[in-house]
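The same chain A turns up in both complexes below, where it pairs with chain B and then with chain C.
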Partner chain A sequence: MTSQKIKKNRSRRIVRSSRWRRLKNRFVSSWPWVVISGFLIFALFPVYWIVLVAFRPRGDIFQYPAALLPTNLTLDNIRFVWFGSPTNEPVIGFLGNSLLISVVASVIALSFGVCCAYALGRFRIGGSFLSMWILSQRFLPPIALVVPLFLMFRQLGLLDTHLGLILIYSVFTIPIVVWLMMGYVQSAPRELEEAAYVDGAGYWTAFVRIALPVLKPGLSVAAVFTFIFIWNEYVLAFQLAGNKVATITVYLPRLRSAIAELYGEIAAASLLSVLPAIVFAGVMQRFLVRGLAFGGLK
Partner chain B sequence: MRGQKRFAWLMATPTIIALIALGIVPLGWMIWTAFQSFPPNPANPPQFIGMRNFVDLADDPQFFGSLRTTAIVLVFSLSLQLVLGFLLALALYSIERGRGLIVSLLLIPTAIAPIVAGIVWWMLFNARFGAINSFLVQFFGIDPVNWTIEMPTALIAIIVAVVWQWTPFVAIILLGGLTTIPRDVLDAARIDGASGWRVLRYIIVPLMRPFFLVVGLLMIIEIVRLYELPFFITQGGPGNETVVAGVYLFKLAFSFFDLGRASMMSVFLVIALSLVAALYMRLVADRRMTVN
Partner chain C sequence: MSVLTLKNIAKSFGATEVIKGIDLRIDEGEFVVFVGPSGCGKSTLLRLISGLEQADAGEIILDSEIVNDHTPFERGIAMVFQSYALYPHMTVAENMGFPLKMVKEKPHAIAEKVNAAAKTLQIDQLLDRRPDQLSGGQKQRVAMGRTIVRDPTLFLFDEPLSNLDADLRIEMRVEIEKLHKRLKATMIYVTHDQVEAMTLADRIVVLRDGVIEQIGAPLDLYDNPVNKFVASFLGSPKINFLSARVVDVGEGAATLSLRNGARFVVPMPTGDVKKDDALTIGVRPEDFAISGGDFSIPFDLELQEQLGPVSYLHGSSNGEKIVAEHRVRGKILKETASTLGVNSARIHVFDTSGRSVRHGRKGQET
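Now for the complex of A and B:
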């Protein structure tokens, strides 16, 4: 073997190995997309299925095996749910109840919560005990308190009323608002408010005129959070109300206990009920990545 | 300065009163009713029966069965959520473009009402008209599986639904944690010749510990309160195999109308959750001290 040959061989090997490495690199650097695509399919396929069934005629729904791709399309299911039919009530009243209760309770929770977060975050009253106590309320799930609340509401005549649900939902979401807003209050500059004090503004004026506008982005995030929490809640909505005052989450299982299992109608109603959630996901993502994990540890 | 404090207390008072009225009072009421027996007719007053509810509960195989089922769901869902969620968080962390859009799409399951999540998976797992069996039959020629009415597939169905609903949320929180790790720490490790795996194992994972703890705690609470998914997907069946703690609590209170025993069970759950939360907070606090 001449030295020239060896050199040639070696250089060929180097060329080959660098090509192999590039291929390997490309494969390795594409793994995030493999993982993400897999998760996107897993996360969205059920949503796709709901949409599919919601627009599928009854005959096609009860076919075996179920067609995985869209077949015939119909608006019947949506129409039955919206206007009502012999087998189910119209959904509109339930949506109205949900909307009314969610909006009013959110407004109450936000007003109480932002004041409290401001007091805790700016003036540090009550030390860490008070804020920990308020935050710890978030750890109690509604289901743990449903029995005493049921007894309490029965005694107070609040069962099956808008007022009862509004009260309980505001109280359950106040800790979430305080928790979210405290991070915003602490990261907002306090110099502006101090300047206002020097100019003779009272604490309340400084809070309303100076601090609140700065907290607006945080408030809108908290508003979305509380709204969706209340909109999605089922346990309290079913046990503390659910007859005269019934929300959309109470409406859905009713379709199942009807004479036939109203597949198409359930899908259509579910679709209507998740639209706010989808808006929520869009609004929330920008904040969640940084804020939520961060705020939770502060 | 005094005016400042007074103003602050005035601002916090409405919240404190509201939380006492509808948070602490029901809690106290619950402890009180845990020692009472409720006659079937609500017109008759409840009677104090001492520790009888506690003894009944301690003697109740269904209660322990429900705790066992919850524990099984907890172990499997939590480990899947943390492992898959961390994998997804790492994947999201290492891409540059399109993160915002992908995150909003991934969060849809978490934003959907649990009752709707139950409906969706009940439909998907339906033996005759569901997509999963359709997929298995058409592409793999497997006989249809009676997912929701047999064990252990009924439990698997619930775990899949839980993992589906919460893994993206876990991933987003962990992604938030990843973004707090300073880039230069990772770069320095790279320059010192640490392999990707070693960086992950010895730098990223230890720094991420508090985030794992917090999101783990949130998931434990979420799984202990689990109600809607089993209620819709399996209705507790087959038999009582998928009756989790939340479902059994509801059964006690609103099917058997044994409100006393249900209160006792709530007391038990509240104490258990508080202990877990306290332990977690201790762990997180310890960690922060050693980091500082």
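Now for the complex of A and C:
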């Protein structure tokens, strides 16, 4: 072989191998996206189907084979749940109840929970025993407590009231808030509050003026958790209330008990019921991201 | 203004005793530096003084008042933390004004004082920024600004410069010194940095394992360390230790011999030494000379570090490591430096427990 030939061969091999590498790189860098897209399609398909059913006339819902693409759309189902019918109240009242109860109960749970978490995390009150005991409040499924709660609520006149649900939801979510916030409290720099003590702040001032702002990202996580937990809760809402004061989760299955199976209407109501939660999570996300950018130390 | 007195202060965390009975008096306007190895309790002692930590025993007295039960604020102290501890959600102005806000000063009075403090620290153009928009040096200045706005009587600094790079550290060190001169306030300063300790301190307190090893003016500690620990803690490069033996004890002096057989007479109190006692002598790097001295030791040069006007000769003598300072420019040959001369008046002598038998350069002795 002449030396020129060798050179040519080698350079061709280099070209080929680099092209191959580029292909390989493209594949390697794209396969996570393939996996993620696949998973997303799998996870989001039911959501897509709800949207589809919500906008379909009743006759199309059960057609076989099912039409995968949106055709023949209608607003009838939305109209039905929004304006109500002789047998069904409009959805707005239920959404209102859910919103009121979720917001008030979340605010209570967050206020109590963050104070509690601060005391436990900063001053180690009660050692690990107390914090474990608080968490253990959530080991029981709500259904296990329904009978005693029902009896207590009847005695106290709390059955079927906003106040009753607000109280019980606050109590149920405080442990979640405490546990979530304790982590944030422990990882937040203690020196900030110590600096505040030296600057003349008392415990309460240091907590409100210094610690709370630093804990904001954690608080928004906790707010999202509690709000969505309460918004989605069904068992207690159904057992301890549900006649005069009914939440959206109680409303949805009611639609089924009318004359016919109102699948389109249920889908439409479901859509309306998840919207507030999505909006709320979206708003909170802004706080989450901003909170992480705080850089007061070092 | 204040005089701080600590009487037999002790502190334990759980079962570990961290501060073991400390007595200390710090005079008005004094600049005292705490040094010591990591974990010896410097920060803990500072926090006890500040009131962020409660002493288990002993008394903390400011002027003539026992302040053990007073809050940090009531003690009238200001503290600069190693991490600066700037409030991340407040602007520089709000950070500096926070102590004033806590004592309910009027907003215009706060603004005035903050502006004045910002001017002296040259951060007046940063007042609207938030801490995450500041450089390390600027954060440091803000942290100092927050302490000076309310005229505290006692300043505590816990390694305030350790997060800065070398240049900035020197700059801020000078800044702190100026601050001390201007405010004439009492300052206590914790550092790992010898240069900071030597340059800033009126007195240095050397701590080890929760007890004070020695207190004194920087040069006094350097020249008259009471034990091997203090001797090796101050000075860079470190003091050299060589093992020696007593061959003869005379009146007010002893004759020692080194491993190589070199003999020399050292004036020292001889009450506690006997013939054949094992001792350690300490020689600072700058006390070696290539020629001269009362006696000399063999030297095996391994490396010369040239730093410009001085160079450090690393090597060994009879298996003992030695670093010697050499004040002549240029490369030195291994053969030229085959022995090092020592002036016996400038050496330190320690007994087997590490205590100094004779201080090195005390005026009346040399």
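As a convention for this text, the second predicted complex is superposed on the first by the 233 of 298 C-alpha atoms of A that agree within 3 Å, B and C clash if a C-alpha of one lies under 4 Å from a C-alpha of the other, contacts with A are read in each partner's own complex, and residues count from 1 in each chain.
Operating definition for what follows: a residue touches a chain if its C-beta (ideal position, glycine included) is under 8 Å from a C-beta of that chain, and two chains touch if they have at least 3 such contacts.
Given the structure is predicted, the values throughout are model-derived calculations rather than measurements.
Chemist: Regarding the shared-chain residue A:G127, is it in contact with chain B (first), chain C (second), both, or neither?
Modeler: So A:G127 meets neither chain B nor chain C here.
Chemist: Which partner does A:V214 contact after superposing on A: first (chain B), second (chain C), both, neither?
Modeler: Second partner only.
Chemist: Per the contact definition in the header, classify A:A201: touching chain B only (first), chain C only (second), both, or neither.
Modeler: second
Chemist: Contacts for A:P189 in the overlay, against chain B (first) and chain C (second): which applies, first, second, both or neither?
Modeler: The answer is second: A:P189 touches chain C but not chain B.
Chemist: Pick one for A:P86: touches chain B only (first), chain C only (second), both, or neither.
Modeler: Once the two structures are laid over each other on A, A:P86 reaches no partner at all.
Chemist: Of chain B and chain C, which one touches more residues of chain A?
Modeler: On the superposition, B touches more of the residues of chain A.
Chemist: Quick check for you: in the superposed arrangement, does A:V178 touch first (chain B), second (chain C), both or neither?
Modeler: In the superposition, A:V178 contacts chain B only.
Chemist: On chain A, which stretch or stretches are contacted by chain B in one complex as well as by chain C in the other?
Modeler: 293-294, 296-297
Chemist: Which residues, counting only chain C, touch chain A once they are in their complex?
Modeler: 50-52, 71-73, 77-79, 81, 83-89, 98-99, 102-103, 131-132, 136, 146, 163
Chemist: Flag every residue of chain A that touches chain C in the complex, lowest number first.
Modeler: Going by the criterion above, the answer is residues 189, 191-192, 194-201, 205, 210, 213-214, 293-298.
Chemist: Spell out the part of chain A that touches chain B in their complex, as residue ranges.
Modeler: 31-33, 35-36, 39-40, 42-47, 49-50, 53, 61-68, 112-113, 115-116, 118-120, 122-123, 125-126, 130, 134, 136-137, 139-152, 154, 167-168, 170-171, 174-175, 178, 203-204, 207, 228, 231-235, 239, 249, 252-253, 256, 263, 266-267, 270, 273-274, 277-278, 280-282, 284-286, 288-294, 296-297
Chemist: Quick check on the complex: what are the chain B residues that touch chain A?
Modeler: Touch residues, chain B against chain A: 3-5, 7-9, 11-12, 14-16, 18-19, 21-23, 25-27, 29-30, 33, 42, 84, 87-88, 90-92, 94-95, 99-100, 102-117, 119-121, 123-124, 128-131, 133-135, 137-138, 144, 164, 167-168, 171-177, 179-180, 210-211, 214-215, 217, 221-222, 224-225, 227-228, 231-232, 246, 249-250, 253-254, 259, 262-263, 266, 269-270, 273-274, 277, 284.
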